[in-house]
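We just call them A, B and C in the order they show up, numbering each chain from 1.
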Amino acid sequence: MKLKVDHVTRYHYDHPVRGVVQSHRLIPSRFTGQRVQKWDVTVSGGIKGGGFRDGGGDWVQAWSVPGPVSEISVRVQGIVETKDLAGVLQRHREVIPPVAWLRPTAPTRVDAALADLGHSVSADDTLALAHALSGAVADAIAYRPGATHAHTTAAEALALGEGVCQDHAHALIACARVRDLPARYVSGYLFASEDDTPHEAAHAWAEIWVEGLGWVGFDPSNRCCPDERYIRLGAGADAREAAPIRGIARGNGLESLDVTVAVDAVQQ
Amino acid sequence: MTDFFNEMFDSGAVRVPYARLRDWMEEMPAELRSLKQAEAEALFRRIGITFAVYGEGGDPDRLIPFDMFPRVFSHDEWRRLERGIKQRARALNAFLSDVYDRGEIVRAGRIPDRLVYLNEAYEKPVAGIRPPKGVYSHIVGIDLVRTGPDQFYVLEDNCRTPSGVSYMLENREIMMRMFPELFRANRIEPVEGYPELLRRTLASVAPEKCRGEPTVVILTPGHFNSAYYEHSFLADLMGVELVEGQDLFVEGEHVWMRTTRGPERVDVIYRRIDDPFLDPLCFRPDSMLGIPGLMDVYRSGGVTIASAPGAGVADDKAIYCFVPEMVRFYLGEEPILENVPTWQCARHDDLKYVLEHLPELVVKEVHGSGGYGMLVGPKATKEQIEAFRLKLLDQPSNYIAQPTLALSTVPTFVEEGVAPRHVDLRPYCLVGERIELVPGGLTRVALTEGSLVVNSSQGGGVKDTWVLAE
Amino acid sequence: MLSRTAANLYWLARYMERAETAARFLQVGARIALVPNTGHGYRNEWDALLRAAGTADAFARKYGEPIQRNIESHLFFDHDNPSSVAACLRRARENGRIVRTALTAQVWDALNTAYQELRELERTPRGELSMVALTDWTTRTTALVRGAIDATQLRNDNYDFLHLGYHLERADNTARLLDVKYYVLLPQVEFVGSGLDNYQWMTLLRAMSAHRAFHWAYGGEVTAARIAHFLILNPQCPRALITCVEGMNAHLERLARGYGRRTPAQSAARRMLAKLAETEVEEIFDEGLHEFLSRFIDEVGALGQTVHDSYLSGDVR
């Protein structure tokens, strides 16, 4: 499938700030499932900084915007050709060993309820167990936009019984860890116009390490594994680590944010 | 436990390195001694080194007691130590470049993977990043104790930012001012080259993108930090700027320093702040001490950070047990310096042994420092031992245990005259393009009679450390 | 040099000068209070001084009535008052501690000794301290630090930023002190021949440690115009506004030469100096002394901001 992305993030500061630095994970991952045809990231008034491939295999690109500045827009435009690999992250090069992804972070910390949820399923092999965990998370946390916020933890979302893709991914990571399976958070895009379910085009899911297969993606929000509708950008231990854009402004300006994402299928 | 090695007197005879100190010691009248001691104290106060060593915290205006009786090594003793220290520093750095790359030592099954990769100090963000010249720990502080003429043990390694080097320099400065005759009578290797050596070491690991003479700075948490004096002292002697996080900013591919003439590029940052505070964009988002975006510049080769973020995984007390293994694995050599035999309470058999032998052992927290939260079996009461047993059973993996070592003694000026007191040693090994060690270090002394705890927070003092020239 | 280091040096000097000013305020206040009837009342005198020190409201909130002892506490010891001698000395020393390696041993020693002695004074029961002793100690201490700076500091940019701080603070303080007492320099019928105006003038000069100097400079009769000339336009007077502006201008020029780069600060200082140099004392009285001083205080403030933006803020390009 050929997917076209147009993703614009606008930052506004009520007082001009001294300067802004950003760290982007906005380049589609390199693996068998996707091939970039065209990709372009621009930052208004920005100076491109250093770039490097990190231990998780993602390309990280630094940007800075010298101040005083009160408006910044980051635009991502491109076309990617995708293939359905049933969620398997084939031929993705990375340095960090799977076991390192067993370390908890604040949003993915396991409480008693998450431990129970993690132990609530059983399966014959790891792949089946991972599927079962993803299903259990989808059952336990209903998809409801607006129910949670950016800093909600997996434990809080589970207690609430509602959440969005971020909460699903956090909860699945926590449950996987309960079963001693390395897991991580993935951010990317989703092309979702074929049915009417209102899923955001900026999407997130989880990957679980399955010995023999490698990293396999699971998307509890859509009860499936990532297929050709998905574009993978980068991974981290949680939403913050995997964020496509991380930034900090120096100065006292209060930040407001406006994001539009469009993912469309290109007519062949 | 009764026989301690006295570094000056061996079965009544004066050992060679101390030969010329005997007369000095015996001929110094008591009045002169107390006069000199007061003079030394006044000098310290005037210079203002009143800071805590080893991250012990405490009152920043407190003086650490200085004992005027020097600790002396012969040329040959030192050469052997030097070889051992350099060997260890090489192995520790090899380990760090390995575990942030392919992790061969883990794949070979020589170190358990979880001990490394689930360690608090292992930093995922620097995996796959090779720092300039492959050096992670540029200043390796190795804490040593001595139990016999030829027997040294490594107590612990410090790969992050070992402190206390300003004491090494100031102790020498003060001794030379007060007792010039001693320096005429003995041929003592100088240590004053350390700051320049440190500057050269740091300049030798400038990043790829640096053009021309590298700009080196020292990054301090700020003037409220208890080691601020050491930071400003070193910056001054090295002739580099002492900066706080707010003085630096990231733009484009570099880190810049805010100066009165505009931005000036910074190439090497000797940081005296911990990893979590370096960059709020990468680590703790609430850090006010760091520089947003620093880690991206670092990882793309725009700046060198010394020690490299993530270096702490090599000096963890649980990893410590494997350092001799690292020496064999990476260097194909036998370790020159021995580890203290260590029981890891996380292991079932070890825990069993430890619980049976508590009164003879020293039990330490894996992540503790400063001599707190530890049990010194032979000095503890029955109640203390029992209370510790409960803590140990509660969280065994939090503890390691070691035999109580018979720390050597060095003559020390005390109320009644001169008496033996227990000492340890921290030399500072510099790793850059080359590995260098100035002949000397910081000797800490337990001033209380019989005490084996040399930490300044618990009655420890410091001594000048001499290495005699050939 | 680091912008923050420059800022620390600049503020070190400003706080030292401010501490000295607080001590002078105490001296002049105590003297004025000795006069039975100033025509404005004891209370107004202190009020004027507290206003000049910028702390009148804070004082009223904390103490209410301006009783001599409270005023002394407030201006000397009070840490809630950012302009008190104690608060200024502490902050000067803290700024110095941060940049210790930029100071010579003598300067640090003078600064640190001042701090240790201050702690001693703070531990001494108030009954054992006379106001004269306290103000004398302060002026001696500040002179010692400044003397150490002049005698031992390298004449590099460190030195320039220290002196920019001293001159800027002094210009501001002199103008403020003049401004709260400007009315004594205006001709008032009821005082003529009473000797009272003369007395007030002398007190004002005393507050600037300038009463003896005035006589050396002018001799003869003391007149309002001569005092105004002395404190505003006479470059021989170390506290005159023109002397301070000359100092700022000189150190800014040195910086521009040293750095090979001019900033808006140089132009601003040069303009101020040129204007003052051409001003006649009559013009000042024509404009209105108060109006002139208010304008000057604003200009000094603006210059301070320009110095900050050009060197200290760290946003220099």
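Basically, a contact is a pair of C-beta atoms (placed from the backbone, for glycine too) under 8 Å apart; a residue touches a chain by one contact, two chains touch by 3 or more.
If you're wondering where the values come from, they're calculated on a predicted model, not measured in any experiment.
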- [ ] Could you tell me which chain lies farthest from chain B when each chain's centre is the average position of its Cα atoms?
- [x] C
- [ ] Give the chain pair that accounts for the most C-beta pairs in contact.
- [x] A-B
Task: Most centrally placed chain - per-chain CA mean versus overall CA mean - done: B
Task: Between chain A and chain B, centroid-to-centroid distance (C-alpha), Å - done: 41
Open item on the list: Just the number, please: Cα centre separation of chain B and chain C in whole Å.
Closed with: 49
Open item on the list: Could you work out how far the Cα centre of chain A sits from that of chain C, in whole Å?
Closed with: 60
TODO: Check each residue of chain C and list the ones that touch at least two other chains.
DONE: 315
- [ ] Find every residue in chain B that makes contact with two or more other chains and list them.
- [x] none
- [ ] Sort out for me which residues of chain C touch chain B in the complex.
- [x] 1-6, 94, 97-98, 100-101, 109, 157, 161, 255, 259, 261, 311-312, 314-317
Task: List of chain A residues in touch with chain B within their complex - done: 19, 21-23, 47-56, 60, 62, 64, 66, 94-97, 99-100, 102-103, 237, 240, 246-248, 250
TODO: Can you check the complex and tell me which residues of chain B touch chain C?
DONE: 46, 48, 223, 232-233, 235-236, 241-244, 246-247, 257-263
Task: Residue ranges of chain B touching chain A (in the complex, touch as defined) - done: 100-103, 106, 113-114, 117-118, 122, 124-129, 249-253, 280-282, 285, 292-293, 296-297, 299-302
